[in-house]
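Structures given as structure tokens follow.
Next come two complexes, and both contain chain A; in the first it sits with chain B, in the second with chain C.
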Partner chain A sequence: MMNSWREVPRYTSALVGLAIIAALVGLALYGIIAIPYGEAERLWRGGEGVWIDNPRNAQPGWVNLFPGRNLPETIIVDSREGATKRSGRGSDSVNTVQISLDFDYPYDDFPSELNLFFDARSRERPPHASLFWLTPDGRMLSLGEQNVESSERYSISLDRRLARQLGGQSPEVALFADPARESPQPLQGRYQLLVEALLFEAGTDLDARLVVYGKVHGLAGTDHLRRDITVALLWGAAVALAFGLLAAVGSSVTTLIIAAMGVWYGRWADASIQRITELNLILPALPILILVGTLYTRSIWVILGIVILLGVFSASIKVYRAIFLQVKESPYIEASQAYGASNRRIILFYMVPRVIPVLVPGFVTLIPSFVFLEASLAILGLSDPVLPTWGKVLNDAQQNGALYKGYYYWVLGPAMLLMLTGLGFALVGFTLDRIFNPRLREL
Partner chain B sequence: MARLSLSRVRWPSGWPGVVVFNTFARVAQYVLLRAVALAITVVVGVYLTVVITNMGGHVDNIRIAQVRESVGGRILLDRELQSLPPSEVQRVINQQVQVEVQRLGLDRPFIWRSFTYLTDALSLNLGRAEQLTSDSGSRQVRLILLERLPATLLLFASTFLMLFFVDIFLALFLSRRYGSFLDKVVVALAPTSAAPSWFYGIFLILIFASLLRILPFGGMVDAPPPDTTLAYARSVLKHMILPVAALSISSIFLSVYSWRTFFLIYASEDYVEMARAKGLPSGTIERRYILRPTLPTIITNFALGVIGLWGGAVILETVFNWPGLGRLLFQAIGHFDIPVIVASVVIYAYLLALTVLVLDIVYALVDPRVKIGGQNRQ
Partner chain C sequence: MKAGAPLLLQVQDLRLYFRTTRGAVQAVDGLSFALGHRQALAVLGESGCGKSSLARAILRLLPRNVHTYTGQVFLNGAELMSLNEDRFRREVRWSGISLVAQAAMNSLNPVIKVGEQVMEPLVTHRRLNREEARQRASKALQLVGVPVDFLDRYAFELSGGMRQRVVIAMALVADPPLIIMDEPTSALDVLTQANIMNVLKGIKKEVGSSFLLITHDVATSSELADRIAVMYAGQLVELGDAAGFFPGPLHPYSKKLMTSVPRLRGGSRPEFIPGQPPSLINPSAGCRFAPRCSFRFNRCQEDPPLVEVEPGQWVKCWLYPANSNAGSHAG
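Up next is the complex of A and B:
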């Protein structure tokens, strides 16, 4: 047994597989440490409140590494953080505030969205703001004026009136377009959004924050709810590994013990285990999981329990049984009976360990199949309501027609990780199979 | 002839006709026994499903809601009762519902009712769907299911058959020249089977539908179905390419790899060496000395593979928008349509049992132990 383990490093495929598994475990650990459970839950269910500064459906940041790609990143200019803000005195106790939100725009594509967030502190009469847009080539466009309630969002890119005024193009394109060109092309340089506000009361103050949403974000991009997919990929790794490992351990160890018990006690115990195995073969496992997910709970731990339950009486029980039938007749079992070992002792300490070499390769290859099972349930919309998982990201992508609309990154991120998981464990499992089953070794 | 002479050893009094009849009787008996065992298994499985479903009283609620709906409709149409005040009408409805609940036995203990549900479920007599309808507009769960069944059978039966033969022939081919480049490629690709078919489906859609735009994203026929039968069939075939490819990729490398290893182990048996030493042609050796004795194992493993593939069907059909049972189940989940979900579970149990039975029959035909009566007593 120990010698067999020592052979593992001699196989390149096993080393590659182990490296992949180690990387995934590292990813999962990093995810758990960097984003604690509560935080992950808050982030993934946060909605607009948490993610308002992220663009929708942005591609991952690394796409800019391709030559000729220079997609915009998100730019945030805040009057409380660096942008110039000048106060002045007007007539009749009316004060003025001038906020100048400047930013450089060096990208080759238009931003995806423009939002201006106000934060006004007034008692009765809200401040009145006029907005002006200054382009790098010196044009000045009026973006209209409005009264600003306490904390208001002005979605520049959704302003229909402004769009009409700018000649029918949507504002985020028209405001950045180079007027000298026929086809819309962004003009690079320094832009400025000027907010000139009249404050009607003493003690009134106004702050503004401009968010120019980009088209790339982070390592994995964002989804339709502006959420950073990186969070789901990190936490998904932890959930996937935990689910796969627990389900594999739970089902295979129980299977082993049940097979041993059946053989040891024989007669009706053996017969009933055989019958249950045949019954379980016909039970449609996935539809039953779906039934439970729909009718009772979607908690990942309950689903895990049922997966183990359905996996206990799997077809491998027959394989183990065949081996145990031989083991049962071995002299050392007879000897242990002679000195009065209990049934439990014989099963757990003398019979079960003999089958472990057969079990181990199958066990390792079983892990990814459970990881994929979790993803399969998630694809059907039956994943844990709280935790972000890879399958959930795929489900979101599927629901929102990601492939049809060309958001490939949305599918590729989780899919690649799933594939790596499958590949890593399968490589190790195949090698172990060769080592533990010597007949395969020379082939 | 070898088989007959073997039989004659066992039953010396029999002339060949009796022996053939005996063989047939044995196979029939075996198949019948298996069918009965499977039928019992299906009954138990469906009973379990019913119990699981009704654990929270879901089936009861559906039944009572259906009763309420039908009683309410009947009374609202009753001219005499229309003149009564609403509270009075409500009282009459409640009374009638009570009577109906008693008539249907919904007030009996669950253990009795569960058997009623069992017979209903087994005959797919699961009443009406809550949301979904069949293409012809019916709400009968049975009609909805039967309408979707052919699509599923078309996709999976054709894939299974194709895969079975391709697997075996490729494995034999590789075992003949193991160590070659192609062999190494298959061994290296074997771990790819860890991913289920829907997973490859996503990639195939990405490449062939989204990027290259040469094959459809999903569905079974073009949007206005072609008029002529030939064009219709061609359209269906075109839509089948990607799902069949996804199913094949997800299983072919692993099964070819394991078959090839299996054949290699058998090819090193002494009697094969002997046959080779006698100078028999390699084709004969393969057929008579390798394939023939391994056939029962091949079929057992194929059966297990088929059963595994049914599980993946639900999601594969969803990913490809294939109008079969799997997608129906997915839609039913979306609409929380419990009668359809229960019925889908039942019909999957039927399909699994049928698969096992068909393979058992094939098994009986190829396994000499069944034919000559030396059944394996475990």
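Up next is the complex of A and C:
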């Protein structure tokens, strides 16, 4: 047994597989450590407050590595952090404040959105702000004026009046477009948003923050709710591996012990285990899980329990039974009986270990099959409501027509990771099969 | 059998029949014998005469197809047949009677180390802690001549003779009053057989246990046994002291058995017994050896009783009239 394990490094496929598994485990561990469980849950529940500074449906950052691509990243200019803010005295106890939000825009594409967030502190009369847009070529466009009530958001890109003023194009395009060109092309250079506000009360203050949403974000992009998909990919790895491993260990070890018990006690125990197995083999597992998910609960732990339960009386019970029937007649089993080993001891220490070489390769390939099962359930919309998982990302992508709209990255990340999981475990499993299965042994 | 003599093992009318599609196989058919403390009894007989079934019947290691399993077995005066399965396992197996099984070389668990294997009976029965158990295991291994560093090896790393020694060490390790050895030297080459014989002789001197040696090898039994029992077709045909048996076996079958052994000195060629052992399914009503017996006469159509012809010498044959001062033996 130990010698067999030592053979593993001789197979390149096993090394590649182990490297992939190690990378996935590393990913999962990093996810768990960097984003604690509660934090991950909060982030994935999301809401505007959590992800407000992220663009919607942004592509992953690495797309800019392709030649000829220079998609904008998100730019944030805040009057409290860096932007210039000048206060002045006007007439009749009216103060003025001038906030100049300027930024460089070196990208080849238009931003996806423009938002201006005000933070006004006034008692009765809200400040009155006028907005001006200064382009690199020296044009100055008025973006209108408004009263600012406490914390307020001005979605420049959604302002239809402004769009009409700018000639029908949506503001995030019109404001950045080079007027010299026929087709809209962004003009690169330094832009400035000027906020000139009148403060009517003493002690009133106004701050402004401009978010120029880009078209790329992070390592994995964002979804329709501005959530960073990286969170789901990291935590998805942890959930997938934990689910796969627990389900595989739970079902295969229980299967092994039940098969051994059936063979050892024989008679009605064996017969009933075989009948239950045959019954279970014709029951379709996926529809049962869908029923449970739809009618009862979608908690991943309950689903895990049912997966294990359905996996216990699986076809492998028949395989193990065939081996155990042979092992049971071995002289050493009879010898152990002669020196009074208890039934439990014979099953656990004498019979079960004999089947472990047969179990190991199958066990390793069983893990990804449970990972896929969990993903399939999630794609069908039956995943745990709070945990971010790969399948859930795929489900979101599917519901939002990701591929139709060209958001390929949304599907690509989780799908790649799922495939890698399958590949890694399959490579290791096949190698172990070659080592442990005498008929496939290479000498 | 003298009344009041301290007897370790007493077997009375033990029967073990197996169910087959053609009828019941009477593998052990009404066997009775006794064994004292620190005695070695060799059960001699050819293959298929029920020797191993006798061992199984005493240790209650029964296959599924048992037809009949009756009789009485006393160990130190305590009846064993009435014990339930769990008490039998705890009180008799290995703590009372240990077994060196027939395929001894294969009776080691391939996935645990030899040391652990020898410790198994101690751990299962005596609940000793590991350190103590390990010490006793290494003592038992030393007794049979296995180097102590073998404790950490696996069974497949050992030669056949070494494995045999380990199995014998296992039988000794819990100090049971009775050790049953079922063909301890078969399946070994001649040199190793001689080695194991020496080991067994050494053990017999050092250990206070009794031995029930099951063998078809007359030479083996002559070296070890104090008493000899000859089995034929599931029945005991002769029972006597080794000292009396080897020079002059009484039963015609025993005589034939002795002449079949090649001798180092003297010109006699080994003989064979004509015919085949009878089928144990529905055997004939009379003496079971009669069809092959050269002394056969009319009375052999009736079943002869086991009678004591001389003190301590019992035989089941019509040729010997019962000794006047010995009664017919039950069976």
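Just so it is clear, the second predicted complex is superposed on the first by the 441 of 443 C-alpha atoms of A that agree within 3 Å, B and C clash if a C-alpha of one lies under 4 Å from a C-alpha of the other, contacts with A are read in each partner's own complex, and residues count from 1 in each chain.
Everything that follows uses one rule, which is that contacts are C-beta pairs under 8 Å (C-beta built on N, C-alpha and C of every residue); 3 or more make two chains touch, one makes a residue touch a chain.
Bear in mind that the values here come from a model prediction, so they are computed numbers and not experimental data.
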Simultaneous placement of chain C and chain B on chain A, clash or fit: fit
Using the superposition on chain A described above, determine whether A:Thr294 touches chain B (first), chain C (second), both, or neither. first
Going by the contact rule set out at the top, does A:Thr365 touch chain B (first), chain C (second), both, or neither? first
Partner chain(s) touched by A:Tyr404 [first = chain B, second = chain C, both, neither]: first
Identify the partner contact of A:Leu418: answer first if only chain B is touched, second if only chain C is, both if each is, neither if none is. first
Could you tell me if A:Ala426 is touching chain B, chain C, both of them or neither one (first, second, both, neither)? first
By the touch definition at the top of the document, which applies to A:Pro284: first (chain B), second (chain C), both, or neither? first
Of chain B and chain C, which one touches more residues of chain A? B
I'd like to know which partner A:Ser376 touches here: chain B for first, chain C for second, both or neither. first
Nearest 10 degrees is fine: what angle do the Cα centroids of chain B and chain C make about that of chain A? 60
Identify the partner contact of A:Phe66: answer first if only chain B is touched, second if only chain C is, both if each is, neither if none is. neither
Shortest span in Å between Cα atoms of chain B and of chain C, once chain A is used as the common reference: 15
Would you mind listing the overlap between the chain B footprint and the chain C footprint on chain A? none
In their complex, what parts of chain A are in touch with chain C? 1, 266, 330-332, 334-342, 345, 349-350, 353-354
Of all residues in chain A, which touch chain B in the complex? 274, 278-279, 281-288, 290-296, 315, 365, 368-369, 372, 375-376, 379-382, 394, 398, 403-404, 406, 408, 411, 415, 418-419, 422-423, 425-427, 429-430, 439-440, 443
Of all residues in chain B, those that touch chain A in their complex: 37-38, 41-42, 44-45, 48-49, 52-53, 55-56, 58, 178, 190-196, 198-199, 202-203, 205-206, 209-210, 217, 261, 264-265, 304, 307, 310-312, 314-315, 318-319, 329-330, 333-334, 336, 338, 341-342, 344-345, 348-349, 352-353, 356, 378
Chain C residues within the chain A interface of the complex: 59, 61, 64, 89-90, 92-95, 98-99, 101-104, 106-112, 120-121, 124-125, 167, 170, 174
